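All remarks here apply to the structure that follows.
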Amino acid sequence: MAIRIFVTGGTFDKEYNELNGALYFQDTHLPEMLDLGRSKLNVDIRMLMMVDSVVMTDEDRQIILTNCENTPEERIVITHGTDTMVETASILGAASIGKTIVLTGAMIPYKFGSSDGLFNLGSALAFAQSLPPGVYIAMNGKAFPWDNVRKNRETGRFEVLDKEAAAEPAP
Amino acid sequence: MAIRIFVTGGTFDKEYNELNGALYFQDTHLPEMLDLGRSKLNVDIRMLMMVDSVVMTDEDRQIILTNCENTPEERIVITHGTDTMVETASILGAASIGKTIVLTGAMIPYKFGSSDGLFNLGSALAFAQSLPPGVYIAMNGKAFPWDNVRKNRETGRFEVLDKEAAAEPAP
Amino acid sequence: MAIRIFVTGGTFDKEYNELNGALYFQDTHLPEMLDLGRSKLNVDIRMLMMVDSVVMTDEDRQIILTNCENTPEERIVITHGTDTMVETASILGAASIGKTIVLTGAMIPYKFGSSDGLFNLGSALAFAQSLPPGVYIAMNGKAFPWDNVRKNRETGRFEVLDKEAAAEPAP
Amino acid sequence: MAIRIFVTGGTFDKEYNELNGALYFQDTHLPEMLDLGRSKLNVDIRMLMMVDSVVMTDEDRQIILTNCENTPEERIVITHGTDTMVETASILGAASIGKTIVLTGAMIPYKFGSSDGLFNLGSALAFAQSLPPGVYIAMNGKAFPWDNVRKNRETGRFEVLDKEAAAEPAP
């Protein structure tokens, strides 16, 4: 099963510049993370952009959408800043592409040691392989459908909009 | 969706004893790993044993099977040493419990910094939520059905027994 | 041999705020770092301030000086941001206190995994025990006298002002 | 000031073999550790052997002694397993070479993340630059003269033999 990974930046790939103390983007750590996870998946990584998601533009989101439409793979993972991940997901979701698309990110840069990135990447790749076509956000161990999720800015966690719909029916 | 995690030991939870240079088990790192991954899943962790999987006995496997049968959750993740993970999976698979059971582990102890454990745990929890009832091994980013997987001892990677059956049909 | 450690902040103790992506100070990591180094030194840690050294004021430097003068220990280590470490050292040096005072810091925060902080702390504590009274900067594995050192902002490394004076005489 | 580093193995350089779960030696991590510490010291690293110090022989110690005598540098750091570090130090000390020789090691392998190695290396290099000729063990933040030190096997810490001699005179 071939999986396409689109890299767009976000906290995932931020690094610390030791000369000026600022955070910046250099290159993606996705290949290194897949090696660390001993992944043997058939993945193809393409970097579409390398931006903080708060500065992501409508044009950027069109680039992401177009790439999702045009890539031959039916399974796609997108690494993305968490601040506007929901916004990008809703544009992809509204386009009804008919592929399984999973957005994921991190609260702490991968290079900072205590990152959630590796956990999130593992779950995003698993959801991309196992969920039916649709657009999802994989964060906090869960997969949220694109039209029922928000980032709670006070806790930094993702949660469903509609708590009732999310209530679990008895199995 | 409630998930049960059964801990059985394995490389996942090994630590380095600085007084005698030996590897040993102290306690499980699962709660710490879930915190690191910012998991908000509804999980319940129970430690069934804390052993190297090469010394796991038939009695140990019966304990695991009984616990899988008796726990109310329909979704189960088992952390397990990789050496005999396939053997335990086959006993659980043959029992046809009707739940989604995912075994996972690590090649490098979580405490050693360069571990694949966090990636594997993320993928195992995702597969446990999204795959239909059955017994699977989640390693190397993939979910292998219990009756078509082996650990390649030369590479340390998991692979399907039957390469043809694993060939991917055109989507 | 009793050693006093004065904490003033700097990159050493910076942390990443996962809610807003900013770097900030919370608490000092010195006790944790000494534990990691299995230090059995007789040290007493006091936090004087917790600031980025670019915002350190003359008043702050007077506080540091007064504390160095008043503390009973003859051996002092000061953790400090690298940007103005030389400036603070020159104020302490000009005061001719008659104690061995060693300033040190880090280019990368201790919590970010790839920090030079633990190496620098080890060398600073060793220099504080073994060098004669005077004020020194311990960075890059070396001890620089306070009146012959500068931070090269392009390389991020500390170096002597006067290369000739620094030339090594045959032993 | 030129410093010679002799590598002999020990916990410092042990790695985890993910295929069989055993600890082994591959190559020294000294260059990587010096890079991490942003060391700008003039050091020359030579690997004399790569052994666990419990299996170090008299012949091995003669090789170390001969190399210390013959190397042109007056300042030497030796990385060594902690179990027999005192024994090697006493052979070097008895030879009265007239150089500053500092042995150091680690309780936890450098690659395991929570190692004391970087702290010890920083202190050993500092002591090697600042102490008068003699043979010392740099562990736990301190420098112990070769003829007044033992490893306490219960605590894993180094301590003086003669507590009275170690009592600190008033400054």
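Letters A, B, C and D mark the chains in the order given here, with residues in each chain numbered from 1 onward.
The definition used in the following text is that contacts are C-beta pairs under 8 Å (C-beta built on N, C-alpha and C of every residue); 3 or more make two chains touch, one makes a residue touch a chain.
Computed from a predicted structure; not experimentally measured.
J.: Could you tell me which chains are in contact with chain A and with chain D alike?
T.: B, C
J.: Identify the chains in contact with chain A as well as chain C, in label order.
T.: The common neighbours do not exist; no chain touches both.
J.: In whole angstrom, what separates the CA-based centres of chain B and chain C?
T.: 46
J.: Report the inter-centroid distance (CA atoms only) between chain B and chain D in whole Å.
T.: Centre-to-centre distance between chain B and chain D: 40 Å.
J.: How big is the gap, in whole Å, between where the Cα atoms of chain A centre and where those of chain B centre?
T.: Those two chain centres are 25 Å apart.
J.: Among the residues of chain A, which ones contact at least 2 other chains?
T.: 107, 114, 156
J.: Per the contact definition, I'd like the list of chain C residues that touch chain D in the complex.
T.: Against chain D, chain C makes touches at 1-2, 33-34, 36-41, 74, 107, 114-116, 118-127, 129-131, 138-143, 156-159, 168, 171.
J.: Contact residues on chain B for chain D in the complex?
T.: 11, 14, 16, 18-19, 21, 23, 52, 107-109, 111-114, 153-154, 156
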